[in-house]
Amino acid sequence: MFFASDNWAGAHPAIAAGLSAHAGGYSAAYSDGALDKAVTTRFSEIFEREVAVFFVSTGTAANALSLTAYNKSGGIALTHREAHLIADECGAFEYLSGGGRLHGVDGASGRIDPAELERALDRLAPEVVHTGRPIAVSITQSTEVGTIYSLDQIAAISALAKRYKLPLHMDGARFANALVALDTSPAEMTWKRGVDVLSFGGTKNGCWCAEAVVLFDLDRARELSFLRKRAAQLFSKSRFIAAQFDAYFRDGLWLETARHSNAMAARLAAAVEQSKTARLAWRPEANEVFVILKKTNAKRLEEAGAVFYDWAVPQGLIVEADEMLYRFVTSFATTAEDIERFAGFVA
Amino acid sequence: MFFASDNWAGAHPAIAAGLSAHAGGYSAAYSDGALDKAVTTRFSEIFEREVAVFFVSTGTAANALSLTAYNKSGGIALTHREAHLIADECGAFEYLSGGGRLHGVDGASGRIDPAELERALDRLAPEVVHTGRPIAVSITQSTEVGTIYSLDQIAAISALAKRYKLPLHMDGARFANALVALDTSPAEMTWKRGVDVLSFGGTKNGCWCAEAVVLFDLDRARELSFLRKRAAQLFSKSRFIAAQFDAYFRDGLWLETARHSNAMAARLAAAVEQSKTARLAWRPEANEVFVILKKTNAKRLEEAGAVFYDWAVPQGLIVEADEMLYRFVTSFATTAEDIERFAGFVA
Amino acid sequence: MFFASDNWAGAHPAIAAGLSAHAGGYSAAYSDGALDKAVTTRFSEIFEREVAVFFVSTGTAANALSLTAYNKSGGIALTHREAHLIADECGAFEYLSGGGRLHGVDGASGRIDPAELERALDRLAPEVVHTGRPIAVSITQSTEVGTIYSLDQIAAISALAKRYKLPLHMDGARFANALVALDTSPAEMTWKRGVDVLSFGGTKNGCWCAEAVVLFDLDRARELSFLRKRAAQLFSKSRFIAAQFDAYFRDGLWLETARHSNAMAARLAAAVEQSKTARLAWRPEANEVFVILKKTNAKRLEEAGAVFYDWAVPQGLIVEADEMLYRFVTSFATTAEDIERFAGFVA
Amino acid sequence: MFFASDNWAGAHPAIAAGLSAHAGGYSAAYSDGALDKAVTTRFSEIFEREVAVFFVSTGTAANALSLTAYNKSGGIALTHREAHLIADECGAFEYLSGGGRLHGVDGASGRIDPAELERALDRLAPEVVHTGRPIAVSITQSTEVGTIYSLDQIAAISALAKRYKLPLHMDGARFANALVALDTSPAEMTWKRGVDVLSFGGTKNGCWCAEAVVLFDLDRARELSFLRKRAAQLFSKSRFIAAQFDAYFRDGLWLETARHSNAMAARLAAAVEQSKTARLAWRPEANEVFVILKKTNAKRLEEAGAVFYDWAVPQGLIVEADEMLYRFVTSFATTAEDIERFAGFVA
């Protein structure tokens, strides 16, 4: 019952095998090898258009460099108040952009409220030197709280960004989970809805370490190549990332692992719904389930070996004094048995 | 005949196997897992004292963060004029330190000349606000040109650094190659000679991606943990680095692969010494051999499938108009057959 | 009727005369001259203890460098949500600290609410690498909305900062206005209440350009001297700042000009209170008066030559559709006639 | 006999009077006042074309922001090895550019050697991510050692910069001294010879504090306005700089003060040439004279009240063991009597 995070799982056997298969022989370093190029082509196929792909070591790097590629003096990137960029990256964007700022926008269920975004942009858009100026909007798909922007919701945010001539970034640390939940295509969920740059995450969905900046806006590619290098994110044996993505995309593995973890989350949520001692904080849409549990129940779960984190209660959610909000994350490695054991505890 | 760089080789089979062996099961993320801790303990055993270990994604990251941990306003780090830090890292230290400066010191054969270092420190040490101030000295072991600092030479640089109250950093991208060449212990080559912080590289010597900052100065550990995170260098599935180091250290694999690549370099150098059409630029001591070849010869080699780079001719080295300086790097994967084929071409 | 800002006024005649008086002769550059030293001594007398004084060119520089002197990796400075640091400095702190973050804390009437501050510190204090860590608390005295922290209120914020081992910074762009309003001493309003570093502003109160970082925490002085130089804030002919402060402090000029502008603000406020067409947004305590006016009235005022800015309506303040919130700032140069003319318009 | 630096002098009486004349009345803050605009127009007249003008507080700020306006990831600015930017600004460019690098180019008498510049550009121009890339060339006019680039020499450097598509920056801390020495026009010495951005210094030539970035490349103006603000260099009472420049330009005062200090330097140099105990290190062309003196003589001079600095002996200059190199700087305030007293000591 390891529900702490999807990054507590290791590597999917097919990913590990893919790495081993590419261990031998020689290959040009620094992303110039044949496999790197093949995988980049694969990304272009998957996204149904030419993209530029930059492997980096962490999702934090992907986010920070994506936004930094668009930064200007006095730059302010707008994102949801609870976004990973703000809450969990130790100011990496601020650091790597040389002093950019993140402006948190409100919105229910982890999604930016377009009206709130518009209000913030209205205030910042005049580009007064005292105030600084907006440089990008960033959304997370799926969100930090396990919800998903519908295609229309992405389009609405995108339209606002475009109105203010701002690029739209998507933090896709759990891109595949959102993709299969929406049953749409990568193209539809990104550039066809106005996304300019994407943090594409494979790590949480079965890779060891496979993160990439995917640029739809090819004009920024040259800049990003320098930015990645001086941010110390250019792998020498870059094919070890390429090999993971190669296995990840092969035979739809990435969609399969994402479907599995979403399905496990759905079963976990169903168990909660039938429970008399637990309830859902909100409807889960991907692979994270937020549950309000009696603290005593949570303790019993932990004593039985379950691992999961408590979570700050967002405004508007009512949690009783003897309760707490907890997050349960499923992954490719979660088993039906894990869910059943969990169900037994909350029944 | 792949002599372009030791990072053109893939992963040693034992490293790949080690990764696969640790692919399953759950482990705490962000370097808090059991294997991470075991590997850190292993580092302490190898260095015969407690050390703090920070996995990072590249040697450039290890160098930049090592020095940044010691940076101050107006800080200047002193290193060899041809050091990787200056020549090949796209200003990563300057960037990640928020504007630190690298000061190149002269010295023959890739080693800092202590007299030149002293002259530079004398000038910078008064800590005048206009000039800035020294914050660290950095040496590379083995050096960028395939030579090695003897233990006494390390001690001499270290004594100078200490006299000016400066920490000493060692860029150990090819640490193992130097270690086995000197036939000494990790402790003797580092902290026992005054090294305070080490970039410990495993990638060039048979790993996929295994780089670490090794801190002997434990007081900086807390700062470095924040620095690494906000530099976007904290791996979530950190055990995939730990697993590589675990295999790397097991049964002395790392020393064996380093001995092998050094031996291959020695044989390549011997072939050059017996050649009538090629000569050594200087005596190789690790796994890089710098050879002066007639350009026509180099072309023939390339046509036969050899891969290697030309190199800027350093001051003082005489190279005829029809010649060029070339670098040949060996690795764990280099075979005796590679060397023999090479020898045939320069005979 | 120039009420746009106290920085629309020029220099007080005594300041201009002071500058001229020191125009001749030679003096060591870069803050090492005799007058610089005398003025530093004067600061120590005024604050009743040894202080380190760093002249800088703007209040923004004083704020950014004060906080940067305390910054660490992943550092977060806490200040009021409407603070000048956040709203009007174009991210100077973020920039000059190499990526620090400002966290806005709520509080009525421009003052940080201690309970809100405590909540924020509780969340940030554990120093988790993902979240970053608090590095300082900053208050503005007088505040951006013309209110003042009482000595007890300063002590309460300070006690919280101390509990979390954080330094307390005071943005004293309008230090003198607060000082005379509280009828206290500089020592009582600062270090005796736990302030560690102060942005001391003279510009808004009658100088041309006289801003200083005043450090009570002398351990940071060496660092700040380098920080100021590399931030390009070390004046060569530094005595031209010293000469202004010399005149500013002479015969209590600074207290006199502050008393005058406060008094003018009080009269302006009194006129508003007697008005049937205008009302105070909140009680002014220094030299800024926030007035809710009918837009038609405001227009008439402007047509009569008055200069003043409208202001974003803070949460909780009720402003009718035909009204707007406006800011009126008085200065040493404001005359009783200005106020009377204004009063005539709002009568 | 104050020859330490031209910034040891105070303000020229006409500058002080100009400031006082503009002390009264109200004016828009932050460079939007009428006088600011008039002075900007005056700059355009003087340079015979439209320019954008940004007042800043120090020459270091002007240099750092000029180059930062052109910086890119991995950016390297090339300047003379002894340039103020490298030697005396505490890494301000590196800091304010977020990690840019300065590359020192050799050249006799303080002037960049075009052949050396070409060699450096050849190496950096390919824009390889490992190496970084050139972003600007900077020359100093007059140079740090009191020499001057002829118009042809400026054109030669400029042609090289243009060939590599790089902007040319001129550090004009002593712009007027060079201008009158060459007996040319501001336009001829700058944009007509390919200069794109200029640090225009008034402080050393009789102002209190009057430095400006003068942009010929108007496309960068918007960026620079944000850059200046967030670098904390946007004065609120900006007219106090404007008033100085207004007086500086009036009736050719700036040319007159520069001619005077140059003439004083020429007389000082003449005295050295006639001396048996002193000799010129090289021919002075502006207002700095570098003299080789017997140390005993230098001591006598100091005992007589003279103030001047010793100077690092550049490569190629022969100085005997009992001698030292000294710098003597003249200013608008230097008198014929000062020179005569000096002459008496070296006769």
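The letters A, B, C and D name the chains in turn, as written, and every chain counts its residues from 1.
Definition applied: a residue touches a chain if its C-beta (ideal position, glycine included) is under 8 Å from a C-beta of that chain, and two chains touch if they have at least 3 such contacts.
Going by UniProt, the chains are A, B, C, D = L-threonine aldolase.
Small disclaimer: the values here were computed from a predicted structure and weren't measured.
Participant: Of the pairs given as A-C, A-D or C-D, which one copies B-C, with over half of its contacts the same by residue number?
Facilitator: A-D
Participant: Can you give the whole-Å distance between the Cα centres of chain A and chain D?
Facilitator: Roughly 51 Å separates the two chain centres.
Participant: Could you work out how far the Cα centre of chain A sits from that of chain B, in whole Å?
Facilitator: The computed centroid separation for chain A versus chain B comes out at 34 Å.
Participant: Calculate how many whole Å lie between the centre of chain B and the centre of chain D, each centre taken as the average of the chain's C-alpha atoms.
Facilitator: Computed value for the inter-centroid distance: 41 Å.
Participant: Among the residues of chain A, pick out those that touch two or more other chains and give their numbers.
Facilitator: Those would be 73-74, 89-91, 95-96, 98-99, 129-130, 132, 226, 229-230, 234.
Participant: Building nodes from the protein chains and edges from chain pairs that touch, which of line, ring, star, complete or other describes the result?
Facilitator: complete
Participant: Provide the residue numbers of chain D that touch chain B in the complex, in ascending order.
Facilitator: These residues of chain D touch chain B: 73-76, 87-91, 94-102, 123, 129-132, 312.
Participant: Quick one: which bits of chain B touch chain C in the complex? Just the residue numbers, please.
Facilitator: 30, 72-74, 98-99, 129-130, 132-133, 223, 225-230, 234
Participant: Please output the residues of chain C touching chain D within their complex, sorted ascending.
Facilitator: Residue positions touching the partner: 2, 4-5, 7-13, 15-17, 19-20, 22-29, 56-61, 64-65, 89-92, 95-96, 98, 203-204, 208-209, 226, 229-237, 239-240, 307, 333.
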